[in-house]
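Both complexes shown next keep chain A, but they swap its partner, so chain B is in the first and chain C is in the second.
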Partner chain A sequence: MENTTLLEMRSIDKSFPGVHALQNVDFTLRSGEIHALMGENGAGKSTLIKVLTGVYSKDQGVINLDGRFDVKIHSPQDAQNLGISTVYQEITLCPNLTVAENMYIGRGKKPITNWRKMNSDADKILRKLDIPARATQQLGTCSIAVQQMVAIARAVDMDCKVLILDEPTSSLDEQEVEKLFGLMRDLKATGVGIIFVTHFLDQVYEVCDRITVLRDGQLVGEYEIKDLPRVQLVSKMLGKEMDDLSDIKSDQDAYLGEDADEPVYEATQLWSDAGIKPFDFHIRKGEVNGFTGLLGSGRSESVRAIFGADRVLGGIVRMHGRQVHIRGPKDAMKNGIAYLPEDRKIDGIIGDLSVRENIILALQVMKGFFKPFTKAQAYAFADEYIKKLNIKTASADTPVKSLSGGNQQKVILARWLLMHPEYLILDEPTRGIDVGTKIDIQKLVLELAKDGMSITFISSETDEMLRTCSRLIVMRDRKVVGELSGEDLTQSMIMSTIAGGE
Partner chain B sequence: MNKTKLKGGIFNRVSDTNLLLSITVVIFILMYLGAIIFLGSGFKKPQMLFNILNANAALIITACGMSLVMISGSIDISVGGVVALVSMCCAVYLDVNHHNGNVYVSMLIALGIGLAFGIIQGLLVAYLNIQPFIVTLAGMFFARGMTTIVSTAPFNVKNQAFDKLKLTRINVPGMGSYNKKGLYIPAYVEIGVLVALAVVVILFLVLRYTRLGRAFYAVGGNQQSALMLGVNVKRTKFLSHVFCGLLAGLGGYVYFLHVGSGAASHATGMEMNAIASSIIGGTMLTGGVGNVVGTLFGVLSLSTIQNIVSSAGLDQAWWTGITIAAMLCIFLLIQSIVIRQRKRALKR
Partner chain C sequence: MNKSLLKKITSNQLFIPLLALFLLAIINLIVDPSFFKVTLGTNNEGNPVLSGYLITILDYGSELAILAIGMTLVTSASGGQDISVGATIAITGSAMLRVLCGSNTRPEQLAAPIIVAFLVACIVGMLCGAFNGALVSIFKIQPMIATLILFTAGRSIAAWINNNELPIVPDPKFKYFGGFIPGIPIPTTVFIVIICVIVTALILKFTNLGLYTQSVGINEKSSRLNGINPTMIKMLAFIFLGLCVAVASLIKVSRLATINYSVIAKDIEMDAILAVALGGNSLSGGKFNIWASVLGAYIIQFLTTTLYKFNVQSDALAAYKAVVVILLVVFSAPKVRESLSRLKTKKALKAVNKGETK
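Now for the complex of A and B:
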């Protein structure tokens, strides 16, 4: 089994208007291996995957699959029929159908649906993979993580030869990731070739056998995992030797303690209808703090309550000691609070508008729609922040949807920075973006704090929080269970606080 | 939120489609019971319900087609025009050779016209990616225009075979009533009602049990996802329009069978009634949710309210319009409240 070549992509070329997304890229997958596909955003990973799955047609190149020369893949259906299954980062299932249907639709040839058989088959698989969902449940009523696992269950059930996992872990918590890895190893043992795309380096080193690195649409190389230490992988992805990650916090002031000046923002017994317990919270000028906890512990809900994004049910909010009423995002914005939401696709970006329009959007809302900015003003704002945040875009007029994920994130960040907020809330600003941009954003957070902005930063990666925050609020089961600062800011302290041990 | 725990409760177990369907059925029954209690008279007799069916068989058929395109996330506003065109063409054809046109051929004409509209509009929408609203708006104007070209004046049919078919009444056993003289008057339905009910049953089965039917829901739910799941999105969209066109043709014939004439002003606004019925029946304009059984009840609710309004002595067109508007609002309100409540319940 080992070492037989399963899939060969040779000299793949793909251009979009204005972008040469893939240039002469080779990729080889052997059966029974887990192969990581790595690269920064915009490196061409997604494009390569989409060529392989028939979403895009390649301009040039050859795909050989399982001994068949030059297979034609024109649609996702073709790919499925050839035994290529894909689980995408964004859920690509239909929320209005049942779990079982989502697992079986678009497969097989039978014109009639046998519901009973489909449901019992689906239930069997769900049980086997230990997925907490019923076959007859409407998919939209499942949590995102469960939906993702249903997508994986579908792929697993298709007897695929090649399984593509495109950032499947970004919405899963640790347990679920472990479960997924177990599943991947089982599949690997049966000879399936798995292509694994992820931004989490730990995960790559935990499950993968080989790594292929792409950069700027070109192949950098293919490596055995044992031959490529982390630092080298990162430098290959970035195309430069990287300055030490752990160094960026060095010149940040330590948390000043309770007797420092008056808090910029202070909330007592704040709670919202999103199901969090009332909590107290404050932040001082120039402070960077963060909410941490497991996925679903209520960290996002807490900052949403601060911003008024969910319906606030009670609590007293003070800014600079004066009581204010924040009933909705607009009140929060008026009080100088800005919020960068977790899910940029849903809550943030308007894909068809240009970079410029997306950047000035919030400021325009505050100014009022009947007093538009002049074109010159708008361009000035946009250009300033494109430069400041190093946003990679063809021009200020490019539609945002054609930018890579990390750059979209920067556009939203620019939108809020333009408001010159006193207090900036960043909910998972680094999720699903590449290492280089992650560091850019972390650095930016620290710089802004130095200029006097107060920032709350949330990330699922604790390293990142430890590097940027001077105080961490720990949450468990929708309740604040602890606060860490100074010397307590260590990985193990966070873990034990989350776990609730001594 | 505990992600690993199953969320139970009947409320959360049913799908959006079934939830909306049950709301519609319950409201319809309450409304009808209310009419029997407070208005009495006609509503007490089962024939009232059958009359509603007789008068609305064509609407049931076209509304079913409408639901189908709406479930697929599209829309077809040409159906009223197609119904008028079908009536006119059939009327003119049956009159040829001294009122001797063949009834069966006229049926084929009706289905052919509907199919042609469905295919052309489907091609434009699915394969050329033109907005369905625009395409079918053009289709509507075209159909209305063609109707007038065929004949500007209304056209009454005098064809024996057709009249026989038109006047065929199917008695419903046990549902009749006695008149003042104690004479038993049997309850009856027209042929169109049987056709309409058959359409509802067949479409229900197609939507629930066939690969194609489920593809309609998938495409309406999330087109991009459906594509990724291996559904042929273009073909599915195309077929939804073909089905809708065909049903508009069939509905047109049933309409023609009920009124027995062709006129350019026939079925004015029928597409809007079809859309309203679908929505009342729990089909969402956003696609992916809906059911033809709901549509049947949607049509019944709509015409029952019209009957209630006229029985209550408010027999003017604007009253009917206003009540329908109010009813649409109430239905949509209930739908959105229920769906929102449920989302909120699931969040916890």
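Now for the complex of A and C:
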């Protein structure tokens, strides 16, 4: 079964107005392999996937599938009929339908649906794949992770030959990722070819057999996983030898001001209506700390409580030792707290507004309803931060939704930095963005801290947190269960604290 | 260079409404150039007045233009429309008459100054707006359903305010607002619209109403996390529309010096919504351009006046209007515009390719 070519894409070319997105790209997928497609944002991964799934039509090139020469894929429906299924990063199912309906929607050829059979079929698959959901449950009531798995279950059940997973793990916690990998290995054993797009290097090395690297719309090469060490993979993606990932902390000095021990923010028994248990927390000037824990452990809810994003139900909050009342985001902003939310699409960007308007928004709100910035001021602010953070945008007037994920994140970061906060909360600032930007953001965090800003940094990639944070608050089941600093800051200590093994 | 300029013009939101206006003008020019004739005459009170179809359009499009301003804000902030504006005009108009005439329906003189009556109408309009706004922003009811309440009840409330009587305002000065001020040949309504437009422009310039409203309309959650209070912004939008309603009712009531509860401003809400759509604004909220909506209002009036001029029977008017509106709305739909511009670039590319092969 190994080594029979399942899918061949040859000399694929695709241009958009002003961008040559794919230039002469080859891609080969064998049956029974998990093939990682790697590259920075804008490297052409998504375009290649979209050409394969019929979302875009290719300008030139040939696609051979399963022994058939030059198959025509003009629409996602075509792709589906050919056995190419895709699970996207964003859930594309309907949250207000049931799990079973989502799995079978748009597939039946018969005009009449046998609901009972559909539900029992769905339950069977869910049980087989060990997905904790019931067929008749409304999809919206499941966690994001389960929704993701339902999407995969749908694809699996459609007898696909090629399964494309586009960043499926970005919203899953480790256990769920493990479960997903188990599922992928099972599928691989049955001969399905899996294309796996992800930004998580660890995961690539854990589950994949082969890697294809793209850069700037061109093919860099295809490699066996054992022939390509991590550092080389990263340098191939970036197109340059890069300073070792793990070194960014050591070449930064900590903040050394006289007031370095002064707590900037202090909370006692703070809790909100998002279901977290009351917790104590403080952060000193120039300190970088973080909340860690599995997805759903309450780390995001904790920082949301600090910012007043959820309804705060109790607790005493002090800034510089003085008691303050933070009832909503505006109170927090007035006290110099900024918060970059976890989900930038839902909570972060204002999609149709321009980059400029998105950048000035928070500062503008602080300044007041009756004191709008002049156009010139707004442009000056926007241009300053576009340059400072190296935001890739056509102009300050471009709608922010047309930027790539990493650049959108930088725009939101710019929005908060423009406010010159004392205390900056970053919830998953590096999720779903390319390696280069990830490193930029981590470096920036350390630089800001060096200048005296207090920062709480949350990331689901533990090594990122180890690299940036000097103190970690560990959460489990919506409770703070431990605090690690100094020599305890190791991967294994975090794991054991999260797991609860004393 | 020329091409990019052309593209800039055609992709502007004002392009389609302006083109529509231009085409309507051309049609009239071809069929009967006298359409554009404006004559200075005297009315039956002996005052100089301008008359002609263009003046009619400017005059009778006024209420719609004023309502379009408020409706644009409501649409942007809430992603829905207020269908109660016609009924609310009846309420504010009725309140105005009640203050002007007191309990006597045929008074010899005004019971209160006009300005007081107008201010009362404004407060009533803003209260109606606040009622709608509260239902939408606090209780999260869909705008169309929320405003259905006043849409249904409004005209009854209006009749109840004056005990179902039809008071007549005795003071000829009251008629100035919907007619002419002696000595000034331009309809007063034109000035009222200009004042409204200037006030709105100043508000947009000196406050963040525009930015906040669009933010809330595009992404309410993230607006809240940036310290904006979405409930407040939606309330403001509805209250602003309430104010627009009060001004429109002043014009409407002044035209007749009395009121007809069941007929006054009938179906005007649909025209106001249409004006917003004709301006190329998305009816699902978010980004807006108020001036495009105002232009949309005058297009509707232009169309109506043109059809009247062609002696289309008033029963058939709506059907003709519908045809034109379908065309306009389809052409200003983003999807159609997109494919049109794609067609254009394809043609341009072909032309370039041909040139190369030669």
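In this text, the second predicted complex is superposed on the first by the 488 of 502 C-alpha atoms of A that agree within 3 Å, B and C clash if a C-alpha of one lies under 4 Å from a C-alpha of the other, contacts with A are read in each partner's own complex, and residues count from 1 in each chain.
FYI, a contact is a pair of C-beta atoms (placed from the backbone, for glycine too) under 8 Å apart; a residue touches a chain by one contact, two chains touch by 3 or more.
The model shown is predicted, which means the values in this text are computed figures rather than measured ones.
Student: Overlaying the two complexes on chain A, which is it for chain B and chain C: clash or fit?
Tutor: Chain B and chain C clash in the superposed model.
Student: Contacts for A:A309 in the overlay, against chain B (first) and chain C (second): which applies, first, second, both or neither?
Tutor: After superposition on chain A, A:A309 lies in contact with chain C alone.
Student: Just checking: does A:D352 make contact with chain B only, chain C only, both, or neither of them? Give me first, second, both or neither.
Tutor: It touches chain C, and chain B stays clear.
Student: Give the label of whichever partner, chain B or chain C, reaches more residues of chain A.
Tutor: Per-residue touch count on chain A favours B.
Student: Which partner does A:A274 reach: the first (chain B), the second (chain C), both, or neither?
Tutor: Touch partner of A:A274: chain B, not chain C.
Student: Is A:Q409 contacted by the first partner chain B, the second partner chain C, both or neither?
Tutor: After superposing on A, A:Q409 lies clear of both chain B and chain C.
Student: Give one of first, second, both or neither to describe whether A:A362 is in contact with chain B, with chain C, with both, or with none.
Tutor: In the superposed model, A:A362 contacts chain C only, not chain B.
Student: Looking at the overlay, what does A:N335 touch: chain B (first), chain C (second), both, or neither?
Tutor: neither
Student: In the overlay, one of 147-155, 165-173, 183-191 or 291-299 from chain C clashes with chain B and the rest don't. Which one?
Tutor: 147-155
Student: What part of chain A is in contact with chain B in the complex they form?
Tutor: Chain A reaches chain B through residues 55, 75-77, 80, 86, 88, 91-98, 101-102, 105-107, 110-113, 115, 132-134, 136-138, 140-141, 143, 145-146, 154, 173, 175-176, 273-275, 295-296, 478.
Student: Give the list of chain C residues in touch with chain A in this complex.
Tutor: 205-209, 211-212, 214-215, 218-219, 221-229, 286-287, 345
Student: Across the complex, what residues on chain A touch chain C?
Tutor: It is residues 17, 307, 309, 328-330, 333, 339, 341, 346-353, 357, 361-362, 364-366, 368-372, 415 of chain A that touch chain C.
Student: Chain A touches which residues of chain B in the complex?
Tutor: Listed in rising order, the residues are 1-7, 12-13, 15-17, 208-215, 217-218, 220-222, 224-232, 288-289, 342, 344, 346-348.
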